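Presented sequentially are two complexes of chain A, the first with chain B as partner and the second with chain C.
Here is the complex of A and B:
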């Protein structure tokens, strides 16, 4: 059966994921070492150890994302995170930074290493990481087609993990500077894309608006569905040019979420080992519902039965879903 | 939404007796202090936002609630006098109860417009995440405060009310 890798932002969400049928749960420490460094979220070393024990007692495993890029001269927090993940009994750590990977491979040679999507690695780079540091799995970015994933799997000799549900990052992950441009903080260095500290909601002329770092991201009628305000999914007006009229719309990407349920059989044939659900910032209710639905889906694929579908639309950002780049025509 | 029905509109328009907000505040503060004693992780998850003042505007309810975690205090205020606050969450009672008890995802309620937030977004996120991790059960907490033999009656009454009204009054199990 394909492995289901599920998010947990809190110990309660970890238990919910395991109870709902997650094979593997990923989480992070409550600091800037992971790319979901949001207020009120994440784990202490003790909570992680308790989570690993809870999962292990039920046949599940825990991965720890330490996938931001350490600041030069200030690597101690990241090194400590790797040591604490190993001490807690984590199955593997998910890393992005070359220096941190080198440190983990040297200081903890028995620790299983996964390459984060934040590393934005191509096949040559993946092979380099595997040969040099013993990386065992790579998380692929959400901008590839199924055919491209098939081709990558032919070129590399490590497991691949792909996103199948949740927030859809459309940029070169680990390289995107949009959040940094608007707020000075980024997922890559600070663990926050569009940090809540820079988000302001307001009401203007009977409409709700959301701003990020002062930039107006969207304005919608009161009570209408609205996504979290990120620059890449904002509604903007591009002025008229010599070649075209002014346009208002989601110029980078529509505020929709990824739902690749229907592509699971093709991803399996493409050689993908594990299916990843995004959403460490979401609640235990979300985790339980999504994990249960995807566990049913991977079991159906394994049994050759029809796929269940349409169960999760309400949980998606903007209340709409897409199969993303896996089967996409770019604008 | 688990229960799309708002509270009766008459409830919102009812004149609030002068002492009612104060009594409600005392009761809710006692509940908050009990939860804080039993689950200190809620406060540690709030981090620096423990000092924030949270306005809870149950839009179909008769009063506004102001939660001050650091002071371990909840105060009820008449709708006409909105208290000063750092962060606000507004929505119907059904949405708040569903989120608190793990029946609905907070982000989904927000994306759909059923919950609206204002003020310090970080503080709201911290509160939401802290409460989600706490796996609270309001009916169980109130039953524990009531003590025997009222606890059993209270639980039964809450179950009956939940079935009839559709409101989520106790923690939803996440297991299949």
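Here is the complex of A and C:
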């Protein structure tokens, strides 16, 4: 059966995910070492050890994401996180930074290493990391088509894990400074993208506005659904040029989320080992619902049965969903 | 500090490229990095200019390196990367995947879009054979100083983003084609119509970003002109200038003057404004502030 890798932002969400049928749960420490460094979220070393024990007792495994890029002069914080994850009994750590991967491979040769989506690894990079550091699994960037994933799996010897549900990055992950350009805080350095601390909502002329770092990201009529002002999903204008007409709209991406449920059979044929659900910032109830739905889906695919339909419609919160880059037309 | 000219980010015609490098040969730049940095679909239109440009720049005493693509995905792109290492010229990697093709023991350089955020990464690359590293534009001065010291200890040169629209993101999707209601595969090379990229504004008309094919840049010109003395003190050895349309030769001369240090911040920025009266300037990244801001 395809492995289901599920998010947990809190110990309660971890237990909910395991109870709902997650094969694997991923989480992070409550500091800047992980890319969901949000207030009130994530684990202490003690909570992680308890979570690993809870999961192990039910046949599930825990991965620890240490997937920001260590700050110059402060690498010890990240090195400590790797050591604590290993001590807590984590099945693997998910890393993005070359130097941190080199450190983990050297200091903890028995620790299983996964390459984070934040490493934005293409086939050459995957092979480089596998040959140099013994990386065992790679989380593929959300910019690849199913055909490319198939080709990659033919060329590499490490397992692949792909995102199937939740937030959608439209830029190569781990290589994006849009957020720090507007706010000073970035996923790579601070573990946050378009952080709530820099969002200001306002009302002007009967319209709701959302700003990020002072830049207007959305303006919607009052009462219309107002998406969170994530920079790359904002509404902008490209003024007319000599050869191009003016365009106003979601020039990079609509405020959509990823739902690749229908592609699970093709991803399985493509040789993908594990399906990943985004959302460590989500509630325990949400996690349980999504995990249950996806567990039913992977079981159906395994049995050769049709996919259960409409399982997740409620969960996209009225937002449009997309199969993203997996379909070539997205580009 | 000396000057390094980065690869051309935009899709310029072969004639424009030829004229650009001819002019650069007569400029005070110390070294030039050449290659298609953004989209491999553009390369066939101008790659025939590369040997001549290399020859002309080397004849003028410049160090020349070839750059890989920022996002190496397709088989053809990977083959091209392999071929770069076989040219005998120094190669600047823009994607860590390029290391897969690095011949054992061959020195290489590292461009600003490889994630070098800390000493661990820098030292690993130095051991692998890196001789120069241009740091990512979003790094604050404190990190730059730590990394410049680590670079000195490891025997490699550390460079920072000196001038140009900062490259902020790269995608599998082409936003330039999307602005013309086309997909990447049927782009008809529309990015070539905007040789300095296409402006993106907020809904209230504030210039914000610049679209350049699959790459997204800041709209403001990110400049280190106001922090030259701090960068020199930190041990940074070179400023990277990113090619743009207009009087680029004038910009190179300007940076050559101020790179020697001693120009007060306000005076440096005023000088830059005289050269580019229409452009907005930004230097927030080095200050640890929003990258679009200018600490003034």
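Just so it is clear, the second predicted complex is superposed on the first by the 325 of 331 C-alpha atoms of A that agree within 3 Å, B and C clash if a C-alpha of one lies under 4 Å from a C-alpha of the other, contacts with A are read in each partner's own complex, and residues count from 1 in each chain.
Definition applied: a contact is a pair of C-beta atoms (placed from the backbone, for glycine too) under 8 Å apart; a residue touches a chain by one contact, two chains touch by 3 or more.
Quick caveat: nothing in here was measured; it's all calculated off a predicted structure.
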Just chain B (first), just chain C (second), both, or neither: which does A:128 touch? second
Tell me the contact category for A:201 with respect to chain B and chain C: first, second, both or neither. first
Applying the touch criterion given at the start, work out whether A:171 contacts chain B, chain C, both or neither, answering first, second, both or neither. second
Chain A contact check, chain B vs chain C, more residues touched by chain C
For A:281, is the partner it touches chain B (first), chain C (second), both, or none of the two (neither)? first
Where does A:36 make contact in the superposed view: on chain B (first), on chain C (second), on both, or on neither? neither
Have a look at where A:238 lands relative to chain B and chain C in the superposition and call it first, second, both or neither. second
Where on chain A do chain B and chain C both make contact? none
Chain A contacts chain B in the complex at 9-13, 15-16, 19-21, 38-41, 195-197, 199-202, 208, 222-228, 281-289, 292, 314-319
Report the residues of chain B in contact with chain A in the complex, numbered from low to high. 45-47, 49, 99, 102-108, 110-113, 116-118, 121-130, 132-135, 172, 174-176
What does chain A use to touch chain C in their complex? 69-73, 75, 96-100, 102-103, 119-128, 131, 141, 143-144, 148, 151, 170-172, 174-178, 180-184, 186, 188-189, 213, 215-217, 219, 232, 234-239, 241-244, 247-248, 251-252, 325, 328-331
State the interface residues of chain C toward chain A in the complex, per the touch definition above. 70-73, 75, 78, 81, 95-101, 113, 115, 117-125, 136-139, 142-143, 146-147, 150, 166, 168-175, 178-180, 183-185, 190, 193-194, 198-206, 208-209, 211, 216, 218, 284-285, 288-292
